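Two complexes are shown next, each including subunit A; its partner changes from subunit B in the first to subunit C in the second.
Up next, the complex of A and B:
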């Protein structure tokens, strides 16, 4: 791993936390983990969160960004549907800046039939989800790209949610209330003290420094990685890992979330997200949590299947494919992963013949992260004998009230005087150099991907083909000594990571653009798989 | 309706070379293109085959290489064909803005990523880059010009670097063409030279982004060298490319002077084929569709970027004539698992296969259209990006295609 900040920054950060003690140690910087950190902090309980990558490195950052109405679950899993609509309303209140309230349509095609539609409307009613039945003509006037053969649609309060902002805001709020958070810090072992877990051993993944953190409680909020942590205590829970693959288009295909109105299946949803749309999803068993790819077959399947809802989808430009791994709680009966409950579970290992002081929270979904955190912290409070109620459902996140849509970004840019605008690093997404400078000044980012996570750099049409070269120039300017000789290694690592997302969608216009990017980096800049050539002909 | 001896489709370096060669042979030529051609994106120097080590004699190296790569476009032209085509190219660029080889082998020049890159012919504005030594070189970037990161270059090359501010010009709009046009003004380049001179600490070489003027680059170079007292060289930047645009303009100027017809900015919308021959093409210029007829045609439309090849979800096609395209069997095999795979991605070998006369053939080796030839990067069985042969293939096959077309 190649770093982009100075050794001095890291040493400073490390000294503060070396061999620490805390009340509650949380493992995992996804929505659940940061949600727990915020809930604990709001209730005045000291905590420390460790995350082996950056925030949202797992399923929290690799989903569809869907603010579920619960409609998808209404027919098959009424309890999940009720949880969704309750949390949907709470999130709109506490995190309006992470949400685009687009609404959603459940679209019935002739092959879906009217019966499921009638069931759907009934089930939504029972779960407390508002529905508005639309005629084909009404649906087409709202979403002109829909298949004109549709037999009807039902509008529900779906929306789009930005998981990264949500998680970072939870983390930021927790930190402002005294929580400590260490990213790029991996748990290597659980420390036992007789029948209790007394803390964890961790390793900084960038500096390789190892240290210990003592804690009264250890919460395993690692999602799909839950068994990875539990193995350190000789434990295991029944978790099915299900890979879901998604595609991103270059433009926004619809104004609303589009769902097929039929039993949950693969390839049945299109979620608008800022300037693009996200198409999903597949459901395949995942064996390896660290290495999984989107296959050409999955891509073809998604495009074919979703072309039923939007017939001219095939001509669209796709900019990227990605996959996430859902942690699904294993039920007794085998079968389709979609039939496994999307519910969550909270396991107190001490009460089921494991060591005391260790709690696992897993399963669930992004929509219920807050509820999962609430239940976890309720349990910890109960065991600590504290009677402090949860307030995360009423306390708004710190950035609430601040717009984050394209329109807001353009307005902010327009309001600035020309001289203050400065250089635009990313022409696709209009990211000014100043935005990166501000993140660097905060001093929390450790590597290139951390910067990319926190801005819209590399998220646009060229997927970083142009702006990352510029970003590295900026980093070289700021940290000359530290990245000397290394920034082309960072650049090459970035291009490899980018490749994982781009390779599955290379045809048509994307492939054309890729020839440009390859011509720049391998042709013009002569970056190769081998060692660089230096002036005078010697190798580096 | 006009009738031509030859219609060239494509205005990249291959198409321009073919058109110029044909005009030189007295033919009446039409050249059509829908964009500006890859020259204006990446054109800087003239590569023949970068993978031949600098210490190897290029003629010997390429001759040996052709023997080992019998399907490569160079196997159609041979070393002699490359040599005469390159000589003709050089004839178009008399001093002061001339292209030269520095010896018998490839030469290494610095890039915008601070790497060294092999090439064959170098324009006068880049020549000193081959002689630079890190201790004696100052790399100069311009604040606000984001497509050349001077600190990246100087750190990797282990040179000293400075970033100059150009206060009169805001930070937002500094593009390579804007800078190049400013450099064409004598007073501007004198001031830039003076700012550089003030930053120097005894360096003998100055490396600058490749924006040293569009109209009179040699004069820009001369000014900067006389003000700084050092040897100045250009370093290639992110697209668009100013040195490539110079090549494009020089060709266009020559073709217009010699009476070639141009149709730029509109795509070929249809072709008229009869009895295994192409009789004419349609060019869409809404609301009109114009018809142009010729005895011969050269297809030099480039690869995917230029529109010469197009990838559907399940296959690669040639959109103008529907000529069969040699390609990997399925989409999953187009690209390797890693971006920097040691082997070039299989899709780069895809393209149009031809007979010795550069006439496209089908899988059975039969000529598809008797009076159509293909030239440039659309041809199959090369890996121009990795092997660094883009300009060489364009020039050598464009030259040969025109010669063969007019001999028929």
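Up next, the complex of A and C:
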């Protein structure tokens, strides 16, 4: 792990948390974990969250950023569809700044046939999802790049969601209400006290310091890593790990989410997200949770399959490929992972011959994170004998407005402090120096990737090729990069991670640009490979 | 809107950009003002964020002079200025254009009238009070010299003159508004030089090329002008080569009518369009003409206008000028004069134009030439304004060095000067004497 914090920051942290004890300990800083932390703190229950990387390091940061209407599940999994549309409406209310209400189209191509479309409209109606059938002409006028051969489309209230902001805002709100959060802190062992789990042993991944945290309840909200924690208690649950790969385009392909109107399959969705569009997904069994890549076959498959919906997709420029691992609850009949319900489960290990005080919440999806948190906290409250109702569905998240248009960006730039005006660190995504300064001032980030999770820096065309060295300059100025290898090591770790993301889609203009970036780093900066490079965390 | 007028899809442009920032280093505007973020940012960068459905907000786009240097330096071939132009058109369509802009782009209409009454108009335009008034009412900067009008116009001169005998190959001439009403001598020089090369010059019916309208993002207006020109030129001169002496008109005719404005027939027209120097140089390269140049032993500096560079044909004027014996001509190492056509006349942009031109001014000061030569009327105005030196179109110097003219012409000029003295026409006297002096060793 590479540091971007001073020793003083950590010492301060440790002084604060040396003697750690809490009521509820949450493991995992994804949407579910931070959602639970927020829910607990809203109900006045002290809690502490530990996360081995940064927020959104797992599936929460490696998904399509789709605000489901539920339409996708309506035919096969009506219960999940109902959950989705309920949460969809709640999220629009509590986190409007994380959401682009783009709407979505379910596009029927000739090969999809009209039968599924009829089924789909019926199932959506049953699940309470509003649908608006569109003629091919109407659909094309809304989305001119669609395949003109389409036989129809159905509009549903899909949208785009920014999971990074959503999770960070949840965490920030929890902290402001008394929750404690330790990122880059890994659970190494569970502490048992007879039949109960009495706490956890953790290790700071940056300082390597180990300490213990005592807790009455331990919630395992580690998603795909659930069994990794449970193994420490000699437990295991049936969890299928399914890798989903996605591609990011340089520009927005459509203004609406585009789905194929056919039974859920791989490569049938395009989500506009801020300045880009995300193409997804595949579904392959993952064996290793720490090392997985997007394969060339997956890239070819996604581009081929989705160019049925947008025929000129092949000429599009792609900036990155990434993959996430979905934790899917194993059903009895093994088969296609897509047939496994996207539902979630809450397991109280005490009531099924495991140690008491340990709860696992897994499965589910980003859309239902709040519901998962609500159910978990409801359960904890019940066991604690508390009767405080949940309020996460009405309490809005804090945070400033976001937007993907030039207007939004320029207005945001205009709001910056006058001193920082004009200085833009990332010119692909118009991220001003001031935005990074504000994050550094907050003092919560400990790694370069942490900064990248909190801004759109390096998420544009050049993927950080032309701006990360500017960021390093800023870090150096702020004395945040002067420990353990310094800027060089940080830069290398970043470039390794970047390379992992861009390599699968490196052709055409991207390849030309990469030649240029390579010569800048190797030729001008004299950056050599050779020294061991530590992998960074982080998503796309 | 018919099919031919459908604007090109430019959603792909941000994808071609490799973010190398070469254009940022070359852009004259972003070099002098932080208000313009540079071609990369304003073009492919901002394009990623723009949405056709949303109102334009990037007011910086109006600061682009349209010099097209970014296009010429871009290694990836991104049509940056086209992208900026389309964004500017959308911005100004939404915001509306000022009366000044409306007026300035119609200079071809009032130019004829102003030329007719040039004796009245010219002294007026030099009056401080008038300039102050124009500044106050129209925001046309009072520090900028307004170009004087000349009468008879080039068109009138050409129509009424005694055409020389000879049935050489025919070539058509697109003179442009400024030559017609403000620098008629450039047109005369073009005709004389072409005739000296044994060609017969015809002047087809023509209108303003429309580039001033393009400058204020009025694509529809520019397309209207363009369609008329293409129709007229194709009808009357089909099969003939057409030369132009104004690089900006030429750029418009050759490069914007087709790819940007999608005017039917523009591609065919473009194949027959040549810059006057490019055309003459070709004649010399194939060794056709029996024209030799007389020595003009002066020190000249040649400036290559931005629009000439974006025509992508090298520097034919410079090569031609090197054929003139005794002429010590060197290239001015500067990017852009800064005027940007009507841009530099606008009060809010005057300072930017001046600041851009500083490089050129300093380069000229270092070279200390007797005369400056450049192909574009805008550049000529700006260089005169900045340096106070004599600035000509290269073809004017070529005309003056034509062998057959020589001393006979000097005599003629002196004779005319004498007549002018009698008739107390001071301007003609000065012009004759000036031209005689040019021939002096």
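The working rule: the second predicted complex is superposed on the first by the 508 of 540 C-alpha atoms of A that agree within 3 Å, B and C clash if a C-alpha of one lies under 4 Å from a C-alpha of the other, contacts with A are read in each partner's own complex, and residues count from 1 in each chain.
Criterion: a residue touches a chain if its C-beta (ideal position, glycine included) is under 8 Å from a C-beta of that chain, and two chains touch if they have at least 3 such contacts.
Predicted model, so just to flag it, every value in this text is computed and none were measured.
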Just checking: does A:466 make contact with subunit B only, subunit C only, both, or neither of them? Give me first, second, both or neither. both
Touching partner for A:315 - first (subunit B), second (subunit C), both, neither: second
With both complexes overlaid on chain A, does A:135 touch subunit B (first), subunit C (second), both or neither? neither
Who does A:487 touch here: subunit B (first), subunit C (second), both, or neither? first
Using the touch definition from the top, say if A:495 reaches subunit B (first), subunit C (second), both or neither. first
Between subunit B (first) and subunit C (second), which, if any, makes contact with A:512: first, second, both or neither? both
In the overlaid three-chain picture, which partner chain does A:425 touch, first (subunit B) or second (subunit C), both, or neither? first
Dominant toucher of subunit A (residue count), subunit B or subunit C: B
Of the two partner chains, subunit B (first) and subunit C (second), which one does A:251 touch, if any: first, second, both, or neither? second
Between subunit B and subunit C, whom does A:176 touch in the aligned arrangement: first, second, both, or neither? neither
Across the two complexes, what residues of subunit A are contacted by subunit B and by subunit C? 422, 466, 512-513, 516
What residues of subunit C sit close enough to touch subunit A in their complex? 11-12, 14-21, 34, 40-41, 45-51, 53-55, 57-58, 76
Residue positions on subunit A within touch of subunit B in the complex are 295-296, 300, 303, 314, 418-419, 421-425, 466, 469-470, 472-474, 476-477, 480, 483-485, 487-488, 491-492, 495-496, 498-499, 503, 506-508, 511-516, 518-530, 532-537
Once bound in the complex, which stretches of subunit B touch subunit A? 38, 41-42, 44, 50, 54, 108, 110-118, 132-134, 144, 146-147, 149-152, 155-158, 163, 170-172, 236, 238-239, 303-305, 307, 310-313, 330-332, 334-335, 337-342, 345, 347, 384-386, 388, 390
The answer for subunit A against subunit C in the complex is residues 250-252, 255, 275, 315-317, 404-407, 409-411, 422, 427-428, 430, 460-462, 465-466, 509, 512-513, 516
